[in-house]
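The letters A, B, C and D name the chains in turn, as written, and every chain counts its residues from 1.
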Amino acid sequence: MRRGLARTLLGDQKILLILFGITIVLAVIRPVFISPENIFNVLFQVSINGMIGVGMAYLMIGGDFDLSVGSNMVFATTAAILLEGLGIAPGIVLAVLLSSLAGFLNGVLVTKVKINSFITTLSMMIFLRGLVLIFTDKKTISGSTSALFAFGYGSLFGLIPYPVLVAAVVLPVFGFVLAKSVWGRNLYAIGSNSKAAQMFGINVDSAKIASFTLTGALCGISGIVLLSRLNSASGTYGMDTGLDVISGVLLGGTSLAGGEGSVFRAFLGVLLLGVLSNAMIILHVTPYLQQVVKGLMLITVVAVDAYQARRAEYR
Amino acid sequence: MRVSMRAVIVLLVVLCAASLAFASGGGEKAAPKAGKTVALMWGGTDAPFVGPHIKSFTATMEKAGHKVVVFDSKWDPAKQSTDLDDAVAQKMDLICLVPIDPVAIIPALKKAKAAGVPVMTINTEASKDANDYIVGYSGVGSYEQGLVAAELLTEVMGNKGNLAVVEGVSGFNVCVQYAKALEDTFKKKNSSIKVLAVQPTNWAPAEATKVTEDYLTRFKNMDAIFAHDDYLAGGVIVALKEAGVKPGQIKVVGIGGIGDALKAIKEGWMYGTVLQSPITEGDFEAQRVIEFLKTGKLNPFYKIMDNPKIDPKNVANYKSEF
Amino acid sequence: MAFDRFQKTLAEQAILIILAGLFLLCSLFVPSFFTARNLVNILKQSAIIGIVAAGLTVTMIAGNVDLSVGSTVAFSGILALLFTHTDFSKAFISGTSEQNAVFLALAILLPLLLGGAVGLFNGMVVTGSGANSVIITLGALAAVRGGALLFSDGKVIYGAHNPLFDAIGQAQIATIPIYVFFFLVFVLLLEALLRFTTFGRSVYHIGTNLKASVIAGIPVSRVRVTTFVICGFAAGVAAVILAARLNSASGTTANGWEFDAVTAVVIGGTSLFGGKGSVLGTLLGTLLVTLIINAMVLLNIPSPWQYVAKALIIVTAVLIDVRTRKEAI
Amino acid sequence: MGADPILEMKGIRKEFPGTVALDGVDFDLRGGEVHAIVGENGAGKSTLMRILCGIKTLDAGTIHVEGVERFIAHPRDALALGVNMIHQEFANFPHLSVAENIFVGKVPRRRGLRWVVDKTALLDGAAEMLERMRLTLDPAARLGTLSIAHQQLIEVAKALSGNLRILIMDEATSSLNMGETEQLFSTIEALKAQGIGVIYISHRLKEVLNIADRISVLRDGRNAGTFARGSFSEEEIVQAMLGKKISLTEKSSGRKGDVVFLVENLSIPGKVKDFSFTLHRGEVLGISGLSGSGKEVIVRSLYGLWPCTVGRVEIGGKPVDIMRPADALRQGIAYLAEERKTLSLFPGMSIRENASLLWLLSIWRRLVISRTKEAATVGEYTRRLNVKMTGIKAEVNSLSGGNQQKLILARLLMVEPGIVILNDPTRGVDVGSKQEIYQAIFALARQGASVIMTSSEIPEVVSLSDRVLVLSRGILIGELSGGDVTVDNVLALASRAGAVTT
């Protein structure tokens, strides 16, 4: 469930406010910022992290997290290329299935074998990274330029990139599932008090495994989107994805402790990070400073939010 | 101790404001009316080579009255392709791009061409298929550098013996090129040089030291070590010194020609290296850009800096400038 | 692991047994593994990251985590080497010999101070706001690394090969670098701090039940901030040693160390949620990870396969550990 | 009420490593009756119920539900049989809404879309449950924002919402005040009318006596007699529980010394207005009132746990400023929190580490812990309070609730505080331990320390205090002392309306 209504609004509004603030300021001093191209660039940039962020939200609300998303994504990209022989569609489907399998394994290790998510997913991250390097023979392998291409760079009405459309479908759908479905609500219960959830007949393990698998599947889909854009794969792709997504989702106000958060808020967090770096590029901020600013912004937003939350306890 | 959050928040806000002010201030270099704006898209800006390169590149450009905007893609090919979209959206007059991945960037290059924004690849080549979408390439040839390094190795090893490689990052384009160059050279010279092991270091000297330590334990018969750059070579030498290896006992070859490497060559710790000065290169590429901005084209399409080898014989002629 | 012996040993034995087992296997089957030089290497390779992990352990037992350690190592290292340069000192004052001595002292002290300062900042923000330390220190990670790059102007900073300073990283006793001994002493000191002092006891109390600690009147903020300072300080120490050893530092130094450190700590049996753990455990965890890599390099396993193997070994190790402790760490 | 039992447990045996928790216990329950189980902590009540709920499995014995033998291996099995338990430790979900808490694990699903929660049905159902329990709460409100008492009542609603044949209430009233308890009892009466069997576990004998139709006593994992209503006296029950006679306590003289603690115009925005009092040496001062009277926040703020504004605070005649617990400790004030599990205990740490906490802090500057001295002190005080344990190195969770509470009291006494603040000192504590805690409190007063105490049980305040301050909605309504300290007087004052203006 959400934090007290007032605070939810406040929490979300804070990020929305910052977003609006940035947009308005930038729109004034750098009109290009609100040019359709740029807007859709940003949307595209956040679409991949956004989709993975959905899975991450499911996990974190249930009290887990997944560091292996980056490797898993590249794993799918690699698999799709290697399986092109089977024909595009089957290759893609298989690749997504493989990623889902990896996610499923994470889930089993965490729930049944009871190894905490950090070690489990960290190992999975290293493991998949290794597999990719093996399959690509430490080089960059590229797919035969294919129909995917039209997808990756095509756009609806020559304006909305298809990848953005995918995200635009995935996010609301799984947002709804998390908010309304029995599975989703059970996740909130589990994250809030997993012992009790067990006691009241909620099947904790399967709910968690499902979230891990979903995350895996979304990594797979993201991997395909990546393929449609880069038409290639190598062990060096997607190194920072995991941490980027997690910090985005955390920034959105989903807690690592579990029990609270939402897909919408997760997306807001990811979006803010995306807009921030785009804004700084457009402001021509030197890269080193970009890092500093980004870091400090992150700290400030989160700290202020948490501080207000704490103050609210004395009411 | 009681942490007054108000104080902390104030501190944070001040820090943010300060860095933001600094940021926009530092970022803003008002270009003269005539000046054009050029994007310099490095794979990542944290690598030691990049800092000096950006400096000299920018210096030359600004002398000519143009403005440079630096992009940093955190060594993530996916990010680079979207950053390229950003640059295109900002209608740059020219984009100088260092492809992180030779293939992954091609689609984005296509898009840039479609949008009518010229792109020149620099420092590292993209794959040949990219040529239809770029206005030209200037910089060094990673493969060519590899060939020079291989030449140094064959001559110091007498075309035989055992070689261990201290790699940058597995799958990283430059590293792939180096490996290929070595392989080809050894085949061409049908040398009996055997590559004992290749171990990645994530470009971190500290890792290079670890790897070398393990090499020393593992291989009693190791004649030479090829480090993918001079910074790694530095890490290698630390390990050699600690293990009590005599200078020259194990031949070290690197790439870059940085001050420490020159020193090491003089002292005999390194046999040789391949010069790649970020300063000269930055300037070299900037000149090409200026030419393009004037004439609207580049000829020749390719312009590759030569990468002179530095060895004990000629090391005296080079002074450490970076 | 709480302090009372019988609880402690069980948990530590698990990881100890795993380590011993692996060690035995390697000694038998890995060529030239069981040689004086290689064993020293393993210690060397564990020491510097181990110091960081040891500091991090204290923070994590108190129920927080500090992901900014890697960045701190980078920044502190740059600072250290800058101050070994007389020409740098000339920028302030004409570098006469005794002033050089002063600067040498600064080269050692300032990095430690910087580390402490970063820790202090993290601690203040986390305790002051009650925010989650992961996200806060993720921010610090970016900010500090950015700062390091700004400060070093993206260049590699070289040491001035000042013999006194280099000694920190290069002097040896019986082919064993002194910093290895320092590492072991550092670990023992922190372990003692946790086990035998009121402060240490409070760290466990806070990690176990924050609310109850507040009510009991433990100076919670002070203790938590201190744990962050210790962690940052440890990073500073590691930075000085690393800088003195390599005589070079850059904005990319220690990239990703935060991960390796946390891994070592968690494998060492420290709970991600605080209240349980020990620095000795972390020592074992660090050795375990180093040993795995070392063995694989010696076996000449191609690097991609090393990833796969490493992953599998870590999982199995932790699995055995969990099973022996009948609880997910 | 149905004559034939809806539940029969025969020869239930359960062993834990080292101990036999249950040794051939028989228990039966008829439809429409309230059958109470009483006994010391560790007598096996909770274990027996956990077995019935499928949280633990039995080693021997049989369970018949409505005449059919059942094997309950998992909570789901129990729920399927209509066995619901209201747990002593909160088994609720602070992040979820009231409605979702009530229907957790059995949320109404949309017709057609089985995998989707039917929000309207959920809220309506919840509203109905709240109606039935005469609770005026918003079903959509976040549970975490509710008072402990309300959360506890939601637990009951949770049980009612499902298929309910047998309701187990384990210390269901431990955090309820009298009014709320009455409310709960009327709910129970309603359940009886529907033929539902209620198993009632409580340490509050008075309650048990007036709600239960039958009372079964457990002692050391064995049956120690079953009494039908009205066939026994309180003393008999207590005797059966303890297996020996105990002398019910006499209040300490209550002769006042000089003023040690003076507070003027303590105000907490929206909760308390201008509360002033003095505390004398060797006195036990009770602060009482119904829930929402502000008694809890007052004691918290006295210890620096809750922000407040104060006109004047003096300890031993010197003005002091208490901003946080550390300040209070330095002034010789010790505090016992109301929630043992969440606010006092350090699970997973040893008895030693749980006990010596304050003592160590009091010698904070002497940094290094002297383990021998520590062990000695802990040993001494745990003996003084008669904490039953295997050894000070054992994990604190190995202690029964009563002993845990005594241990925490020992923690306070180790620093020899001049003023002790007790917030509901015997919540969920068994009769035997209760007496020992009372004794300790009186002993404290006799030795010249002063005690401020509040409790969810008004009788407890009355039986312990020399003087009682009664609050109503944040305003000090009156003060009773000496002979006037009676439950009726307190209630009379407490229910008189006050109004807090902020």
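Throughout what follows, a contact is a pair of C-beta atoms (placed from the backbone, for glycine too) under 8 Å apart; a residue touches a chain by one contact, two chains touch by 3 or more.
Keep in mind the model is a prediction, meaning the values are calculated, not measured.
Visitor: Going only through chains that touch each other, how many steps at minimum separate chain A from chain B?
Guide: When the steps are counted carefully, the minimum from chain A to chain B is 1.
Visitor: Let me spell it out: compute each chain's centre from its C-alpha atoms, then which one is farthest from chain B's centre?
Guide: If we average the C-alpha coordinates per chain, D ends up farthest from chain B.
Visitor: How many angstrom lie between the CA centroids of chain B and chain C, rounded to a whole number?
Guide: Comparing mean C-alpha positions, chain C is 30 Å from chain B.
Visitor: Can you give the whole-Å distance between the Cα centres of chain B and chain D?
Guide: 68
Visitor: Can you compute the centre-to-centre distance for chain C and chain D, using the mean CA position of each chain? Integer Å is fine.
Guide: It comes to 45 Å between the two C-alpha centres.
Visitor: Mind pulling the chain D residues that touch 2 or more other chains?
Guide: 324
Visitor: Provide the list of chain C residues touching at least two other chains, using ranges where the numbers run on.
Guide: 125, 128-129, 145, 149, 154, 219, 251, 303-304
Visitor: Multi-chain contacts only, two chains or more: what residues does chain B have there?
Guide: Residues 2, 5, 8-9, 12, 45, 170 of chain B each touch two or more of the other chains.
Visitor: Which chains are in touch, pair by pair?
Guide: The complete list of chain pairs in contact reads A-B, A-C, A-D, B-C, C-D.
Visitor: Going by the contact rule at the top, pick out the chain B residues touching chain C in the complex.
Guide: Chain B residues touching chain C: 1-5, 7-9, 12, 45-48, 50-52, 54-55, 167, 170, 196-200, 202-206, 209-211, 213-218, 231, 234-235, 238, 241-243, 258-260, 322.
Visitor: Would you tell me which residues of chain A are touching chain C in their complex?
Guide: 109, 113-116, 118-120, 122-127, 129-131, 133-134, 138, 235, 243, 246-247, 250-251, 255-257, 287-299, 302-307, 309-310
Visitor: In their shared complex, at which residues does chain D touch chain A?
Guide: 53, 55, 75-76, 79, 87, 90-97, 100, 104-107, 109, 115-117, 119, 142-143, 145, 158, 270, 306-307
Visitor: In their shared complex, at which residues does chain B touch chain A?
Guide: 5, 8-9, 12-13, 15-16, 19-20, 22-24, 26-28, 45, 69-72, 74-79, 81-83, 85-86, 88-91, 100-108, 110-111, 169-173, 175-176
Visitor: Quick check on the complex: what are the chain C residues that touch chain B?
Guide: Those residues of chain C that touch chain B are 31-33, 35, 37-38, 41, 44-45, 48, 124-125, 127-129, 145, 149, 152-156, 158, 170, 172, 177, 219, 221-222, 225, 242, 245-248, 250-256, 293-294, 297-298, 300, 302-304.
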